[in-house]
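Data block below; observations after.
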Amino acid sequence: MTPRVREILSWYGADNPGVLTNLARMMNHGKLAGTGKLVILPVDQGFEHGPARSFAINPDGYDPSYHFQLAIESGCNAYAAPLGALEACAREFAGEIPLLLKINNSDTLYGNKAPISALTSHIDDALRLGCAGIGFTIYPGSAERKHMYEEIAMASAEAKKAGLAVVIWSYARGEQISKEGETGIDVIAYAAHIATQLGAHIVKVKPPTSFIEQDAARKVYQAQGIKVDTLADRTRHVVQSCFNGKRIVIFSGGEAKGTEEILKEVKDLATGGAFGSIMGRNAFQRPKKEAIQLLHGVMEAFAGKAL
Amino acid sequence: MTPRVREILSWYGADNPGVLTNLARMMNHGKLAGTGKLVILPVDQGFEHGPARSFAINPDGYDPSYHFQLAIESGCNAYAAPLGALEACAREFAGEIPLLLKINNSDTLYGNKAPISALTSHIDDALRLGCAGIGFTIYPGSAERKHMYEEIAMASAEAKKAGLAVVIWSYARGEQISKEGETGIDVIAYAAHIATQLGAHIVKVKPPTSFIEQDAARKVYQAQGIKVDTLADRTRHVVQSCFNGKRIVIFSGGEAKGTEEILKEVKDLATGGAFGSIMGRNAFQRPKKEAIQLLHGVMEAFAGKAL
Amino acid sequence: MTPRVREILSWYGADNPGVLTNLARMMNHGKLAGTGKLVILPVDQGFEHGPARSFAINPDGYDPSYHFQLAIESGCNAYAAPLGALEACAREFAGEIPLLLKINNSDTLYGNKAPISALTSHIDDALRLGCAGIGFTIYPGSAERKHMYEEIAMASAEAKKAGLAVVIWSYARGEQISKEGETGIDVIAYAAHIATQLGAHIVKVKPPTSFIEQDAARKVYQAQGIKVDTLADRTRHVVQSCFNGKRIVIFSGGEAKGTEEILKEVKDLATGGAFGSIMGRNAFQRPKKEAIQLLHGVMEAFAGKAL
Amino acid sequence: MTPRVREILSWYGADNPGVLTNLARMMNHGKLAGTGKLVILPVDQGFEHGPARSFAINPDGYDPSYHFQLAIESGCNAYAAPLGALEACAREFAGEIPLLLKINNSDTLYGNKAPISALTSHIDDALRLGCAGIGFTIYPGSAERKHMYEEIAMASAEAKKAGLAVVIWSYARGEQISKEGETGIDVIAYAAHIATQLGAHIVKVKPPTSFIEQDAARKVYQAQGIKVDTLADRTRHVVQSCFNGKRIVIFSGGEAKGTEEILKEVKDLATGGAFGSIMGRNAFQRPKKEAIQLLHGVMEAFAGKAL
Amino acid sequence: MTPRVREILSWYGADNPGVLTNLARMMNHGKLAGTGKLVILPVDQGFEHGPARSFAINPDGYDPSYHFQLAIESGCNAYAAPLGALEACAREFAGEIPLLLKINNSDTLYGNKAPISALTSHIDDALRLGCAGIGFTIYPGSAERKHMYEEIAMASAEAKKAGLAVVIWSYARGEQISKEGETGIDVIAYAAHIATQLGAHIVKVKPPTSFIEQDAARKVYQAQGIKVDTLADRTRHVVQSCFNGKRIVIFSGGEAKGTEEILKEVKDLATGGAFGSIMGRNAFQRPKKEAIQLLHGVMEAFAGKAL
């Protein structure tokens, strides 16, 4: 157990040893083991965007065992997926990588101005599949936010009792938030803070832009001179918004893009104090070798050295 | 136990021996026993369309024992029906054919732009009636999809604990999907994938057309050159979309039609790697002898030889 | 136990001896005992239409003990009423007549285009009051049908476990059904079939007219030459629609009317194979002696002989 | 135990000795003990109309102990109030007067065309506070009636099991009922009847006027010559509508008004066979001495003699 | 145990010794220990307004341990916060200050004309974190009030059984209340009274203005000559509205403002009989030393002497 991992665990004083063990399992697995940094492979795009849009470009991905292998071989800290994919391979790869069961999901066959995902699995499923934790998406800004906050409050209480880590994907979205505002710095920092107050052990948000959505917030950002010019600045503000850095905050990779662009973004995130990345499409839509190379680049950016 | 059935069972590594036993019961029953192929007789049309529209053309069908007999005599792998029909005959035919309790149903005395079926029975009913599994319909694309995904998530968890197989009828339908799109290849593949991610052991969809509904999908189908010209191609794509063929996918017969047409369609499905058919009206609305003949034709198409 | 009652019980192969005992209690009580025919007195009109509209014409009916007495003295097979009425008299008349607790009710102080009754009592109430079964109204065709089907699915499962008979009042009604269509033959047959698929032991519908509501149904009625000219024909079709006659189907008396008219209707129902009548207002709104006379006429029509 | 109280208890043949004991506790307490008549002090006006509108005129009433004292000193049969007020004083006055916990309440900071109260306490609260029963308001005529009927069905079943008396405040109100109709004789009689069918031990309604709201009812009132000219007539009709007088029906005092007027109304109610009054504002908004005098007048009107 | 604290505890005659112990823990902690007065530090602004708007002005506040320290060092009676903040520090500061878990919260990324908070934690969380009680916000005047009253009724019953104190934040707000009316004296008094009737041990409201919102109330305020000119008068009326002063009523500090203004307001509240203040932004947004000075000033105002 490295001092850094021990330090991070010390922030979770309300949790039982079971939860600490599962947080440690993730932090002590893969190429970043012991650094306190995390790179996680999530694959819920089949559910979110459909199988062809997710896997046709690299058809090995139609088989969920491919993603297990990719996560294992690249040395990710954990692999996150919906029920079906984990059920398909959890026995085959038992014990080879920490798993996160994504317990709510949504698809794009219906679009709703009050977005909310469906609870497609439960804590019992995470336990029988040997998972280290659960993942849950909230959409602050949605008219359904009460519903979602209460779903995760219930699931989270149950998970914590069972010794599972709780990861909240926090994406502000809804009728009263502009498209640009969804990734605005004030909104991302707010969404991250809500996730911490809901009791998340790990918070996942998108990399923020310098856009500011809410008038009441803009006044404060200006009056207090909060730095939001560079991605590193903004990352620092988001991390600060999560109990002054005492909660693990990781960032998603977003839309598919070029390797250079990704590594540049990741370096900025790392400079700003991000705890890591959760990178889906940009990883599994590349050929395996290329994907592993990219993931290693990302890991090295967070480690701050060659691994 | 044939090697093929053993292979198929190996894909369900998260399930208990009870579930495997029931999957095996279905795969080892009837004329297709041991082939890993399935032909299932479903009779929920009385509920869905009313008794006269379902049974007047072959009035023996007013009596649910007729459908048990048809499924048994024709050598189907299983018989699926709503609560009432199974309650009426489960004792008389106990042990003669694996049963699937269709736990949700809808009727056509009210039409809803946000379609959803009603939960008309439960796992306990399936157990007391000696069923091998449950059937459940989801309508991805409906405004009520969250509700349905959560219903099957609950029912499925309970079923799996009790050793029952879970069959999901996945029919995309709703305000934002065109009539043509309901059977479009992108939508069918997506609907099938959702069912697998929800944890279905067996997925049932309609045979897909070459129509593509979603713009975002069309780009990918074109860019990646996904073959969708023939029904066999499309079947292959749907099967691939279900964990690269590691989930049982069967196809419904659809509207009543001629024997030639049915057998042609079934051969294409078989060529594309379908695991079988679930054939209702086309079977039970024909005179018994003719129906048995047709079902045998279908079975032989899947077996790839005379039986 | 007569051979006919034994035969009818044989259709309920999924039920426990408790349910069979209660079905037998009803079939073996009163003047029609042993015939397999049933005449039931239901009194929920006070709840449905208000006390004055129900009882002023024969004020003895304000007292629920009057209806117990009427049902007992006339030799009905059972008496059905809401919670309050049964609570008022169940001790006084304990063991004198099989009781059905009507567990859902509605009133006419508010009219809803999506009709649904309220669950005003539960299985435990039926048990503590010594009832033989429960009664439940569904309105197929209502936008609330999912809600109702799920309520009866829950109540029915509990009732069956407790050995209680389940009687479903099935009245199609709702935005998409015309007033005339509510009693149209296609709709009545469909509503009756839905009740059987929901697992009812006894189905109650209104006498059907020759009107056909649904276009898709009309085509089939014409193409298959289904006879719907006489009430006897239509009754035969409804009974056939209930598992080919293997479920008890009884008919309500409907609006208050003349004795001649009632007896004519009942004879037609009997000719068509109806299992009996459930006759409320036409019985309890007549003076007792006259009511008994009428009920005896009805019973004799079903018995096919003087009793 | 007087013969009259014993007679009244005999009407509740479905209830356990616990419920009978609590009904007897109320009937055998206070100045009307043993007469079978009841005068109850209810104080939920603070919740319903706000504290100033309820208590400023007689500021002793800000303190809930004042109402306990008033009810005890005046010799009421019972005192009814929401959770907070009973919690405040139940220990101090333990055993001095039967208590009714009003388990649902509403306020006037929001007005709803589909009125429904909130469940603000539960059976367990009634038990730990030593109550003799619970009070619950239904609004027949509200679009939310199903919801309310089901809430009281659940609460009532639990209360009866625990030996508590169930008092239903039945006030018809809603979109389809005119203001005048809310106290029309047909509506009041109907609302009272619904409460009895829901299983109330005691029904509380407002004194009815001679107005008739529903056309279908008017025809019957005229055809059957139901007397509704005097308040005594109307009271008689309401009492008759409650199982022909075999359920306890009490009447509220309504708007604050003069002593003469109140006593006149109460005498008419008594003449018509009412079982008593539930008098709030008219009692507690008067100075204590005056209030006690008034309550004694009311009690004497029901007793038919000086007490 | 001072006589005053003993006196206050005597008002809670329905509560178990566990609740009394926790009320005493709060009243016997900090600089105001034993006076029967309370100053509480609440920090839910991060959730309610976002992290930058709450903490940027005094960035130490990004770290929840800062607020624990501020509450402890200033000698507050208790510290109140949402789940995440308490989980972060409850172990570190275990036993150093009584904690209140704010179990429902809302954010400003979505605005709703029918305001309601989300239940983000539960009684079990309060117990495992060693809290003395729970906090819950109701919005009387919201179309969702039934929902909220029922949530707190459930949570409160559970809390009381577990020996936890129940603090209700009562803020009238909704479609039918004007902005000015939200702090009008009639509305504040009414909101406070509702909280007491819901069973709160401690009621929190905003300082009322002399505005009167409801016509029906205005008549009474005028007719009865209720004094509402000074804040002390109005405070007296609010305290009276809470069981004539037999419930603890504390007042929030409201919008950020100058020290003079705050102390003036607090003195008026103290003169009017308030039991204390719950002061968030005005405390934690000041530099620590200044904040402690301010809080001491507030405490001395309530103590009526230097501390």
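Letters are used for the chains, namely A, B, C, D and E, taken in the order the chains are written, and counting of residues starts over at 1 for each.
To be clear about the criterion, a residue touches a chain if its C-beta (ideal position, glycine included) is under 8 Å from a C-beta of that chain, and two chains touch if they have at least 3 such contacts.
All values derive from a computational prediction rather than experimental measurement.
Chemist: Could you give the fewest steps needed to travel from chain A to chain C through chains in contact?
Modeler: The distance in steps between these two chains is 2.
Chemist: Quick check: superposing chain A onto chain D on C-alpha atoms, how many degrees is the rotation, to the nearest 5?
Modeler: To bring chain A onto chain D, one rotates by 145 degrees.
Chemist: At what distance in angstrom does the C-alpha mean of chain E lie from that of chain B?
Modeler: Going by mean C-alpha positions, chain B sits 58 Å from chain E.
Chemist: As a quick test, compute the distance in whole Å between the mean CA positions of chain C and chain D.
Modeler: Whole-Å distance between the two chain centres: 36.
Chemist: Which chain B residues touch at least two other chains?
Modeler: none
Chemist: Line, ring, star, complete or other: which one describes how these chains touch?
Modeler: Its topology is that of a ring.
Chemist: If you look only at chain B, which of its residues touch chain C in the complex?
Modeler: The contact residues of chain B facing chain C are 46-47, 49-53, 56-57, 59, 62-64, 82-92, 105-112, 116-122, 124-125, 128-129.
Chemist: Any idea which chain E residues touch chain D in the complex?
Modeler: My answer: residues 11-15, 140-143, 145-147, 149-150, 153, 157, 172, 174-177, 186-187, 189-191, 193-194, 196-200, 214, 216-217, 220-221, 223-224, 226, 237, 240-241, 243-244, 246-247.
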